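In the two complexes that follow, chain A is the common piece, with chain B as its partner first and chain C second.
Presenting the complex of A and B:
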């Protein structure tokens, strides 16, 4: 049995690509995305999130859209600079004499996990990684599966304000006791969706590793350069 | 007072990121915390910062704070009577 691919969804501000087709959409920021196209129901807390959390929440929403997974599902997330962006914003509020309580709460790198675990009811083991090694995300997810987690939501988010993106892969244990050795390095020119595509290709090519079913959701912001789409 | 309440509605939406809510949706007499707007404890702290930062009014007693932030009406009333 070869690892099977569930579905793939890639969102850019201009188009929504899903197994069902594409939806043309103008805009170039998270605020432009019609939430009803991504989320099954409005999530009031979304407006309070920072860009990191919004991007990852959106990608997870896509990856999990229309499916049901158990509460025991684990989470692994990686952010290139951990909570540094939030740390800087918090320090700025301190310097302005009015420290922001909500920013302070978000200076914990693991707050990203909470922003996913609470709305999606994911109570399994979780890990947050600071860095840009996406293969580490996958390997940590596989480790959780190896330790008995049937499902793991694993994602990488780059909260770049202009070209921010997030990619999430849902791994499902279908059999047990398989070992995977990955040597995936992100090339400079490679986008996050490309990289996760590489991971899928890698998994597909490993016929001796049939234990994982995957499903991906990615969310990518691109500058529209003022054009009308 | 009416003007202050309208101003506070906008402040709350902006400061707490309530992007799904418009000022007309906020009932001045409805509870701010829990039910009503559904604000949580972190939001309450943000409201305390907002009241001090924008209106120069300090909320230093947690017991009084519960009463102040029970509704938009009570919040406006406290600001109105404690403004420097």
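Presenting the complex of A and C:
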């Protein structure tokens, strides 16, 4: 399977990395992301989002800055912590006063999908993976490309303020032979803890991005020119 | 829309259902199918956690233990231990992790969906298999089957097992009650006198393999997910997202809408959902629609695991060429020409569409086909 990389973004407590370059995180934490750092136009629902949704929305906004993608774009996302923070806040509302409908509506690991689909008008296929198996995210994104999806937003989000991060890679159908080879292991969540970070480190500073190609085997990234599997 | 399905899926190998089992408020697979065809409902008028709402609980409280549930499923699948290997992927599908862990303030790790899923896979005796958890709200089951088909199509695993369960809890009852979504008298999908949904409990497991099917076998010949990109909790008003999922699934199956013999609707019995589905069905199937059913008047809404359970029960009905009636349905107030079955009818054509939808604008569809 093969797909081009259209764009990327990585947000950590320390920095923002995108095709535009790397900048020092201008906020104090992952929960404090200045709007102007990631997108130019205000989005009125941003303040109502939970931490997970805000962080993922910011990463996708950063990756898609200046890029137009079609409605048919798919989303594949890993959420290691699910909706844990909102779950606890909702249960607190049950125990302390009355159940909050707005909190309950966000108590799903998939809640962030709506926060991406609505503002970016993405009506393609969706898969939310509970856990942090980043290679499974990439593999499922490539599955969707292979099934005819022109673009897929693939990423993960962990809103932990100390060691959390969010990363997004935009994949698109390609004819290129200029590839990054990713050989994905099956049981790889332990052996590839930061696959997206590794790929983005490879991409940082490039003017032209290679494609991603996968097969099942031992993980490595290598670049080749003008060859195919 | 630019998303289209490549014709390469139209090949000899198909995604075959090689084994399945459910536990629902109506009982085991066989008991559930019989009860559906007999027009029985497990819905009770109750007052769970102090709220006057209808529920469809398991017939025995002990079923609420995930280990007991796993045992009830594996008892119906004697071959299950043979799949406990590195050649198998287990996909756990659910809308949420352990709400009981959240309610009781346990360690956060205990509530995470993937940890609950891994424990369930171990209880099923599949601890040596690989594991993935998919959570697409109330469309999780079909989304997981859709992903399973990719892993099988690319020969990454010999077998993919999709499983999941959902329980009624204080968390879900208070939550859906706060949204004014629960019926005090029981779900009546598509009926003009409906008063909301009923929460139910259920578990399901389906064993899938990619191979040349035998005559009479039920295969999953197409599947798709889409998003409405419209509202965080409510369905789109025009049903276009679900219609798109149906269209993609049919295209992947290589069959036309008029070749579908029956439809298993999501059918939650909330006015917005029912109206959305009616629009989606009319958009795809036009004025001459195949009979459609919702199981939620019989056994409530089983949340994320629901579409695993409902897919299995739909496949059982397709085998029997009998579609059950929609419990509680008499007369619709939908303007579209939907063909909801009020009582059991014959399935005249060997293909069935199974639909699901969920919070976040998530839609899913799969096509079941009997090989002839």
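Rule of thumb we're sticking to: the second predicted complex is superposed on the first by the 143 of 229 C-alpha atoms of A that agree within 3 Å, B and C clash if a C-alpha of one lies under 4 Å from a C-alpha of the other, contacts with A are read in each partner's own complex, and residues count from 1 in each chain.
In this text, contacts are C-beta pairs under 8 Å (C-beta built on N, C-alpha and C of every residue); 3 or more make two chains touch, one makes a residue touch a chain.
Since we're looking at a predicted model, the values are computed, not measured.
**Student:** Here chain A is shared; do chain B and chain C fit on it together or clash?
**Tutor:** fit
**Student:** Please work out whether A:87 is in contact with chain B alone, chain C alone, both, or neither, and reply first, second, both or neither.
**Tutor:** Touch partner of A:87: chain C, not chain B.
**Student:** For A:71, using the defined touch cut-off, is the partner it touches chain B, chain C, both, or neither? Pick first, second, both or neither.
**Tutor:** second
**Student:** Contact-wise, after the overlay, does A:100 reach chain B, chain C, both or neither (first, second, both, neither)?
**Tutor:** It touches chain B and chain C both.
**Student:** Would you sort A:46 into first (chain B), second (chain C), both or neither based on which partner it touches?
**Tutor:** first
**Student:** Counting only touches as set out at the top, which of chain B and chain C does A:62 meet: first, second, both, neither?
**Tutor:** A:62 contacts neither chain B nor chain C.
**Student:** By residue count, which of the two partners contacts chain A more extensively, chain B or chain C?
**Tutor:** On the superposition, C touches more of the residues of chain A.
**Student:** On the overlay, how many Å separate the closest CA atoms of chain B and chain C?
**Tutor:** Minimum C-alpha separation, chain B to chain C, in the superposed model is 8 Å.
**Student:** Would you please give the residues of chain A that touch chain B in one complex and also touch chain C in the other complex?
**Tutor:** Touching chain B in the first complex and chain C in the second, residues 98-101, 105 of chain A appear in both lists.
**Student:** For the complex, give me every residue of chain C touching chain A.
**Tutor:** Residues in contact with chain A: 1-6, 9, 86, 95-97, 99, 102-103, 108, 111-114, 117, 130, 132-137, 143, 146-147, 150, 154, 156-157, 170-171, 174-179, 224-233, 241, 244, 358-362.
**Student:** Okay, in this complex, where on chain B does chain A touch?
**Tutor:** 16-20, 38, 42-43, 45-46, 49, 52-53
**Student:** Give every residue of chain A touching chain B within the complex, in rising order.
**Tutor:** Interface residues on the chain A side: 31, 42, 44, 46-49, 98-102, 105.
**Student:** Name, in rising order, each residue of chain A that touches chain C in their complex.
**Tutor:** Touch list, chain A to chain C: 1, 70-72, 74-75, 79, 81-84, 87-88, 90-91, 94, 98-101, 104-111, 113-115, 117-118, 120-131, 133, 136, 140, 143, 146-150, 186-187, 216.
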